[in-house]
Amino acid sequence: MQKMIKKYFALFALPTLLAFIVAFVVPFVLGIYLSFTEFTTVTDAKWIGLSNYVKAFQDQDFVNALWFTAKFTIVSVISINVLAFLLALLLTQKVLGRNVFRTVFFMPNLIGGIVLGYIWQLMINGVLYQFEVTLTSSAKYGFWGLVILMNWQLIGYMMVIYIAGIQNVPKEQLEAAKIDGASNGIILRKIILPLVMPSITICLFLTISNSFKLFDQNLALTAGAPSKQTAMLALDIFNTFYSKAGFEGGGQAKAVMFFVMVALIVVVQLGITRRREIES
Amino acid sequence: MKMRNKMLSLLLIAALVFVAACSNNGGTKGGSTSGGAESIYFLNFKPEIAEVYEQIAKDYEAETGVKVKVVTAAAGTYETRLKSEIAKSEPPTIFQINGPIGYNAWKDYTLDLKDTKLYSYLSDKSLAVTEGDGVYGIPYVVEGYGIIYNNAIMEKYFALPNKATNVSSMEEVNNFDTLKAVVEDMQANAETLGIKGVFASTSLSAGEQWRWQTHLANLPLFYEFNDAEGYESTVLAGLDANEIQFTYGNNFKNIFDLYINNSTVKPTLLGSKSVADSMAEFALGQAAMVQNGNWAWNEIANVGGNVVNQEDIKFLPIYTGVAGEEKQGLAIGTENYLAINNKVSEAKQQASIAFLEWLFSSDKGKAYVTNDLGFIAPFNTFTEDEKPADPLAAEVLNWMNKDTIAIAWTFAAFPSEDFKNDFGDALLEYAQGTKTWDEVKTIVVESWKKEKAK
Amino acid sequence: MLGDSQKSRPLLFLLLLVLAIAFLLPIFIVFMNSFKGKFFISDEPFVFPGGDTFVGLENYTSGIQKIGFFSAFGMSLFITVFSVAAIVFFTSMTGWYLTRVKTKWSSALFFMFVFSMVVPFQMVMFTMTQTANVVGLDNPVGLLVIYLGFGSGLSVFLFSGFVKSVPLEIEEAVMIDGGSPIDMFFKVILPILKPIAITVAILNVMWVWNDYLLPYLVIGTEYQTIPIAVQYLKGGYGSIDMGAMMAMLVLAIIPIVLFYLFCQKYIIEGVVAGAVKG
């Protein structure tokens, strides 16, 4: 049978493959190549070895963006997951309007990043205005603004995944523990947490990669102000490419490093998942 | 073999269905516009008049059948946009360069316009961007900026019984010290004058900083390059300068401090203010003065609840405390030069030139230029009474005829957009109190050097 | 705690109610400000419109006209519907094909699709735009091809994972009845794939509809989707018009909320399924 299907490659796989080559394979290979060259358009590239990478690391904006992104990712990943897990615990209890609450909490996740950014720009500037400062007064306002925005957007999403995990915990096991007189804390730690580990892994993965790759929200909320101090990696790369001429090589080198960092995070994540799977 | 044929036909059908579905349902928007001379593409620099250009394009198409695609770049993104557009399969046929610096960046794309009628229309041929024998950029608008003031509020101040200065008309305000005395006294009497502050807010949010990092920054650098020996113009001196001293930096600080400390809002809040906010404050009578150019007339006129009388709107030069500034006039110049893309087909080049010639020489085109675009056009095709009638343009013409020295638009020599943005970011931080003036000066000097070295 | 699912708790309900209101507040504030004059928004966003500050639908009419909202909406809808349709149609076939045909080529291909999921957009942003310009995909129809290509990683992966759980016997039965692989896929397999197809569709709708940078770079000058139009309001007209901005934010949110309310069950299930399998 396999042989028979195989002949239909042109129908079943070729269209996707062609699109994939144009939209991904060629740009990806070209991207790696160009990061070692100096160019303004693809056709006039000149090989210059590693100097784009050296330049990128000498670029203070890039280093700042890296730290800002790392700090932001850590803070938002922790806050989002803790809050989402707590909400999931509350919403798996019997309470009036449970489904309505789930619906409400999940909704912000569907709104696009640009729109979210402007919504929160209005909110945060409105609050700060009372204290006679604005989002651009200091990088810390932009930082916490982004954290709040990210929480608002992702808590509902993660909550839904946690709820699915918690609902998989067998009722009987909980009842039995209750009868044995286990406290709520013990039930949470000994029974629920181990069983929702898969959900935790997924949520960590999603929040880390979403926070690390954040662009739209960053662009709309602060656009990097003041003085590029709140520009995250993705925005810094974008600015390097498109806000000045002659830095495409440096931008591409930054982009390659960005890709390597994202890939590393994924590999580490997968490693942890696999070890956990083996253990259980 | 039979199988292969079947396979191929299926693939074709699938592809066809895909494309057909898209083009049917996507309406006429699917697919790019056809080539040939019937369509030209104008990449517009001025967002505030984008709608007028679209109207002009419609009219032109109705008259000649030539489709003019108008695309407008967002404020401060023209270079970026041009860079990405010029690489497209349908690149702009008409674009704009900002003087010699822009010409240097785009010289591979600019067509020689020496033999066009458009160039022959130019009243002062020396205004064009040239290299050797060639003419590559044609200016199309002369503009002026300064401090716009509401004379009604000024008269009210001059009539105050308890005013602390002895200035009694705007004629007497011809240097920074007088301006400062008047402004500070007005701020003290803001309530009596019925204003929130003398100056409208100094907009410093991202993308809204050009009035300071370009226009105001022009003044100290004009004076600095004016001091340089052996140059025909400040722009040429600026282009030659790999480093600057920012000698007149303190003069910049003088006026900038005056703006932010005698304003409708606290300096710490300026990071959220836009140019539109600023113009609205002026139009609503909440502020007596605002720095801007004659292009801002529409913005003032279109604010709902506008209380400023047309005859009360006047211009004052931007005084910064430089010796001899009593003779200083408005900052008058042009930063916009039309260029034709030499990489598009000959037919498109000609069609583009024809469109521009129509715009600047036909009665219909000229009416648009004068009345709707509000341009003071530097072409001899415009007669004396074909000058814009709005009060700000009239004031610019007025100042041009006075016995004053106009400040040339030296910012054409600024090394890059990044230089301006670094300047603007530093100003924001200075206004918010997170940077000292000395730090701002350092940033300006360093950024110039860094951007020049690139 | 978890065991107490017998009685409902008023205190918990109140807590959740307060939280829900806090979650909805930003949207409400934007809605409220969309009826205020543009100069009364950034200074006092928490004050209700009234008297001088109330401008009725003016922000909506000016905003719609300014950014051409309906054409942006049409463009967003066109791109979302057709690119998601293309993704579901083509990647379901590819997912099935790559799972059923086991050669070293198909395995390598599958690995490439999975690999592409890891690559952030910024990595290929510039080169993809250039490639699109060169091969003439810098128009709305071409954009569909790019979405298919860039979105195929996750979608092929999800379909392929699902196909693994479909027993081979079904396909063998079709074969024995003399059906071609085409019959086999479209008549038998595709209906079985429906649940995962919904998941793939929903994940891609959420991505494409809200995507800003990709369409901005590829077709952004000439065609605007809703996110591009909203971003263009900032700076695209010399200076930002806060009133029009608020109104456009509201209009941008409404279609999403409606879509969500109608397909809520599928969306939440789809997102969970996508997350768990992804």
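By letter and in written order, the chains are A, B and C; residue numbering begins at 1 in each of them.
The rule is simple: a residue touches a chain if its C-beta (ideal position, glycine included) is under 8 Å from a C-beta of that chain, and two chains touch if they have at least 3 such contacts.
Every value quoted in this text rests on a predicted model; they were computed, and no experiment measured them.
**Student:** What are the chains that chain A and chain C both touch?
**Tutor:** The common neighbours are B.
**Student:** Would you mind checking which chain's C-alpha centre is most distant from the centre of chain C?
**Tutor:** The chain farthest from chain C, judged by C-alpha centres, is B.
**Student:** Calculate how many whole Å lie between the centre of chain A and the centre of chain C, each centre taken as the average of the chain's C-alpha atoms.
**Tutor:** 16
**Student:** CA centre of chain B versus CA centre of chain C: separation in Å?
**Tutor:** Distance between chain centres, rounded to whole Å: 38 Å.
**Student:** Centroid of chain A to centroid of chain B, CA atoms only: how many Å?
**Tutor:** From the centre of chain A to the centre of chain B is 39 Å.
**Student:** Which chain B residues touch at least two other chains?
**Tutor:** Chain B, residues with two or more chain partners: 10, 18, 84, 87, 205, 207, 272.
**Student:** Could you list which residues of chain A touch at least two other chains?
**Tutor:** As it turns out, chain A has residues touching two or more other chains at 7-8, 11, 15, 41, 125, 129.
**Student:** Which positions in chain C are in touch with at least two other chains?
**Tutor:** 42, 130, 134, 182, 234
**Student:** Which residues of chain A touch chain C once you look at their complex with the stated criterion?
**Tutor:** Touching chain C: residues 1-2, 4-9, 11-13, 15-28, 30-31, 34, 41-42, 87, 89-97, 100-115, 118-120, 122-123, 125-126, 129, 152, 156-157, 160-161, 164, 166, 169, 174-175, 177-178, 184, 187-188, 192, 198, 202, 206, 213, 215-216, 219-220, 233-234, 237-238, 241, 248, 251-252, 255-256, 258-259, 262-263, 266 of chain A.
**Student:** Within the complex, which stretch of chain B touches chain C?
**Tutor:** For this pair, the touching residues of chain B are 10, 18-19, 21-23, 25-27, 29-32, 46-48, 50, 69, 71-72, 74-77, 81, 84-85, 87-89, 203, 205, 207-208, 272, 274-277, 279-281, 284, 299, 304.
**Student:** Okay, in this complex, where on chain B does chain A touch?
**Tutor:** 3, 7-8, 10-11, 14-15, 18, 79-80, 83-84, 87, 105, 204-207, 266, 268-272, 416-418, 422, 425-426, 428-429, 432, 434, 454
**Student:** If you look only at chain C, which of its residues touch chain B in the complex?
**Tutor:** 37-39, 42, 71, 74-75, 78, 81-82, 85-86, 129-130, 133-134, 136, 138-141, 144, 182, 217, 221-223, 232, 234-242
**Student:** Spell out the residues on chain A that touch chain B in their complex, using ranges where they run on.
**Tutor:** Those residues of chain A that touch chain B are 7-8, 10-11, 14-15, 41, 125, 129, 132-138, 223-228, 242-246.
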